[in-house]
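Heads up, the next two complexes both have chain A, just with different partners, chain B and then chain C.
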Partner chain A sequence: MTQFLSLLLNGVSLGAIYALIALGFVIIFKASEVVSFTQGSLLLLGAYTIARLSHPLGFWLAALAGIVVTALAALLVERLIINRLRGAPVISLAIVTIGVDIILLTELIRRIGSDILNVPHPWGGRSFRIGDVGISQNRLIAILVAGVLIAIFFAAFKYSSWGVAMRASAEDGETAALMGIRLGRVSALAWVVAGALAAVAALFLVGAPTPGVSPSVYSVSLRAFPAAILGGLDSTGGALVGGLLIGITESLAAGYQDQLLFLGRGFGDVVPYVVMIIVLLVRPSGLFGTKELTRV
Partner chain B sequence: MSESTATQVRGASPAPRSTVAPRRSRTRLIVVGVLLLLLLVAPLYVNEFWLRTGFAVFGAIVGAIGLNLLVGTTGQLSLAHAFFLAVGAISYVYVSGESGGIGIVKLGGLGLPPLIGMIVGVLLAGLAGLLFSPIAARLRGIYLGVASLGLVFIGQHVLNSWDTVTGGFNGRAAPEFSLFGFHFANQDPLLFIAGVPFREAERLWYLGLVIAGASYWFARNLLRSRPGRALQTLRDSEVAASVMGVNVQRYKGRVFLVSSMYAGLSGVLYALSIGSIAPESFGLEVSIQYLAMIVLGGLGSVGGAALGAVFISAMPLVFQKYADVLPFVGTAGEGGLAAGEAARFLYGLAIVLVILFEPAGLAGLAGRFRRRGRDAGRDPGGGPIAAPAAAATGSSTTDVPSDRPAQGSST
Partner chain C sequence: MLSIDSLHVSYGGVQAVRGISMEIPDGKVVAVLGSNGAGKTTLLRAISGTLKLHRGRVESGSVSFDGAELTGRDPAETVRMGLVQVPEGRRIFGRLTVEENLRAGGMGSKDKTAKAKAQQRVFELFPVLQERSAQRGGLLSGGEQQMLAIGRALMASPKLLLLDEPSLGLAPRIIGQIGEVIAEINRQGTSVLLVEQNATMALGVADLAYVLDVGEVSLSGDARELARTDEVQRLYLGHDSEEAHAAPRVASGRTLTRWTS
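What follows is the complex of A and B.
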């Protein structure tokens, strides 16, 4: 039972991180109709910047720099490429982000090499215990920060003028533009927010129990894709639910690995994709995604 | 008198048309013929490295054509191509391989003739595509892209875990190909043509050429048939397609089947070209490479896909071979780029630039070049362009009398 509870708690923390990344996917998709495959390498960029700068600048400044750099990189991608392709087919847009992803990822992996860069979190690698249930402090703080960020995001999405503008442009871009909403600005801001969220996720993803920044962080960030799809690509609430669902199932599958041995070692790493495919079989637009209707 | 002119004109009128149209197709025929001839005699002159690269390229061409049918023609983004390649390669290795053991891993194998292995590989890959198609048919556009991403990771996991079939993490060797007793290997039987020893590389070159040629031909014909046009309509508008009587779900399922069969064949060729298979050769990166091929070549164009496959699949190998000659490319860690990295940078950049500036890819560039060449050929003389036009107008005016009854009856 304690094992179950501790796996559940760890799953929630992992899920909170996934939710941050998935939220980035969803915001970008809502604002510019692009499924951004760049998110994974942006996350790695954030992690790399934080790790590299934390020695000269100290942890807090490095974290801030990492978030700013990642957000700027996302902005650059949007301004230089996505903005020029307005109205292009969804598939071309997705493919172009894959191209950007390859370039960025190749450069980052080349720089990281085979090292594991360490990020000196001030809270260190200690773990926190409630009775017998343990969780690393890093992950506990991740839950808190992600919770606060997501709450702020939802509030902003609902009440701020940016949130209203974004919802309007997602609803009907043409009408929104006629009402004086600048679609380009909405889309640019969405990319900036998504980039920043990815960097925050990276900050916690490279802390305990993960050893540090290595190219494998990228494949972890890819698992936020199922989270976003699972909840429905155009549903912000869905991203949250999807993230938690994926995080918990992954943690449980990894924890009960010995009982699941007939499925092969390391099944925890693929379970997000299995869950995604099963959900998509039942609900093709995800759990909370709007069904696409066609009228003739 | 009038009759004689009429016949004369009628006799003359098709002439210019027939000289213009066949001239174009004749030049095309010549180009294709010369290319084919060059490909056929290449093993007599070219060394083993290029032949081996060529065989890898032929395999990639088959895969790229298959992916292009799915992504380019039908508009279904799929990142699962590596998975279907893996199914083909594994089936071939399992069906034709001998059972035995490497270290502690016990390998199973059926030891059947390689041709059967190849066919089973293609069929099983098709079956995998068919099994995935219920999902594929229900998902639209981008959801499919991400769902197919999942297939690659699940495939990787299966490859790593199911070690009696796949050899597990270290992979296993692929059996040599043979066809009705003729071995595509270094000896047995020894073969000399024009004084050149025909060893494994030379023999495989022809195998690849035949398979790639057949795949190309099949895809071209498919696109010109009813199903081909249905698929293109599906890409442009699913609603329009279903209104026109195209069964959307069924066609999506079928195109997945065909595309994954192509991938399976390509996987078999890959196994033959490397000589062994390992799980890491079928990762997400491979899917992205294939995507890069068809984007670079031009989505929807069969020839473009083949051209893109040539560039993308040959690039890392050539970079590796000429690492010390090329600028920027060197050994990793000494400031230079490793060959694989340089190739990745280039095709990443190619994807971005092609989509930004020339969405029709290399095929579009070639088409533009051809058109410009034709215009340039016509302009200076003024004759070739004016003559058919004059002939056409002339023939139509003189044809009118003979056509009048028909017109009269219709009005």
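What follows is the complex of A and C.
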């Protein structure tokens, strides 16, 4: 039972981090009709920036700088590329973002080299226990921070002018434009928010129990894609549920892998994709989605 | 005043508007009649700056509002200059509440007091929108959706309201109400450019009217006089030509400008 609770708690924390990344993915899709595969490299950029700047600036300033740099990088991708390709087929845009992702990733891997860059989290590698249920402090703080950010995000999405503009443009871009809503600005802002969320996710993904910044952080972040897609590509609520679902199943599958050996070793790594496929087979537009990806 | 001067618009080489000129004086209701494909919506797109979204472009001619050129501007700028278009088919945001739809309508301006005033005006014109303000737009009836679409546009406090076939798909009684609402909006000081296929309603509220035929103006003049011409009677008011001939004829040369290309 305690093992189960530990795994569950760790799964929730991982899921909360995935949810941050997936939310970015979903709002980019809603605001600019682009299935953006740049989230992984943006996240790694955030992690790299935080690690590199931690030394001169100290952790907090470096974290802030990492978030700003990643948000700006996302903005740059939107302004320089996506915005200029408006009206291009959805599939071409998706492939363009894969291209951008590969370019950025290659450069980051070259810079990181074979090192594992350390991020000096003030909470270090300590863990937190209630009875026998344990979690690293880093992951516990991740749950709290992600929870607060997600709550703020949902409140803003529902009540702020930004949220109304965003939802109106997602539903009918031309009519939103006729109302004086600037579609370009809505799209740019979505990328900025997505970039910032990816950097926050990076901040926690590179802390305990993960050793630090290495290119493998990139592949972990990729699991946010099945999270977003199984939740429903255009559903913010779906991103949250999808993230948690992936985080929890992944954690359980890894924790019980001895019992799951009949499925093969390393099942924990593929479980997000298996869950996604099963969900999509039952509901092609995802749990809460309204648009199918085939609408190209 | 909105002035359109020898406007040519095409979609990827196919001409949809071929040399239209018209004027929408301040304080007036101007109707534009024409059957499907005549170029009515294209004309409105050229005014509101949404042609680009349809891969259309102004090839020549000009559209200007109080002397300022509108072609080449983006839709948000046009809204801020005081021209707001209600799109064909209403296009309300079905997943947003009525209140959020109205909020979206006011998004082009930051002036809070102006928006509060506009909202009050909208609720006075359409009390039903206030009653339903928390409901999703998609749950309203067709007539209510049209009122929401008009109310949403009024949230930007337009000087000139552009309406694209507001009667489309509505019952005759509702069409009558829409006509009254348009007249009231105009009385409150907003000029209106009313695009319609329903000539009875349009000519009932309009001061001036233009008839479009395959991208060109075929007739124009005073709305009431235009309503009495053969051509309009026959094509748009559903009378057959015998009846139209029996009706008192208006000398087209004197009161109406007949356009030849």
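Just so it is clear, the second predicted complex is superposed on the first by the 290 of 296 C-alpha atoms of A that agree within 3 Å, B and C clash if a C-alpha of one lies under 4 Å from a C-alpha of the other, contacts with A are read in each partner's own complex, and residues count from 1 in each chain.
Quick note on the criterion: contacts are C-beta pairs under 8 Å (C-beta built on N, C-alpha and C of every residue); 3 or more make two chains touch, one makes a residue touch a chain.
As the structure is a computational prediction, the values presented were derived from the model and not from experiment.
Visitor: According to the stated criteria, A:229 is in contact with first (chain B), second (chain C), both, or neither; which is it?
Guide: Touch partner of A:229: chain B, not chain C.
Visitor: After lining up the shared chain so the two structures overlap, which partner does A:65 touch, if you call chain B first and chain C second: first, second, both or neither?
Guide: Neither chain B nor chain C is touched by A:65.
Visitor: In this superposition, which partner touches a larger number of chain A residues, chain B or chain C?
Guide: B
Visitor: Should A:175 be classified as contacting the first partner (chain B), the second (chain C), both, or neither?
Guide: Only chain C is touched by A:175; chain B is not.
Visitor: Based on the superposed arrangement, let me know which partner A:135 touches: chain B (first), chain C (second), both, or neither?
Guide: Neither chain B nor chain C is touched by A:135.
Visitor: By the touch definition at the top of the document, which applies to A:99: first (chain B), second (chain C), both, or neither?
Guide: In the superposition, A:99 contacts chain B only.
Visitor: After lining up the shared chain so the two structures overlap, which partner does A:20 touch, if you call chain B first and chain C second: first, second, both or neither?
Guide: A:20 sits against neither chain B nor chain C.
Visitor: May I ask you to decide whether A:88 touches chain B, chain C, both, or neither, giving the answer as first, second, both or neither?
Guide: A:88 sits against chain B, while chain C stays out of touch.
Visitor: By the touch definition at the top of the document, which applies to A:164: first (chain B), second (chain C), both, or neither?
Guide: second
Visitor: Spell out the residues on chain C that touch chain A in their complex, using ranges where they run on.
Guide: Those in contact with chain A are residues 48, 50, 53, 55, 74-76, 79-80, 84-85, 87, 91, 93-96, 100-101, 103-105, 107-109, 152-153, 155-156.
Visitor: Give the list of chain A residues in touch with chain C in this complex.
Guide: So the residues of chain A in touch with chain C come to 87, 161, 164-165, 167-168, 171-182.
Visitor: Show me the residue ranges of chain A that touch chain B in the complex, using the header's touch definition.
Guide: Touching chain B from chain A are residues 35, 81, 84-85, 88-92, 94-96, 98-103, 106-107, 110, 113, 222, 225-226, 228-229, 233, 263-267, 269-270, 272-274, 276-277, 280-281, 284-286, 292, 294, 296.
Visitor: Residues of chain B touching chain A in their complex?
Guide: These residues of chain B touch chain A: 71, 75, 77, 134-135, 138-143, 145-147, 149-151, 153-154, 156-158, 160-162, 238-239, 243, 284, 288, 291-292, 295, 332-333, 337-338, 341, 344-345, 347-352, 355-356, 359.
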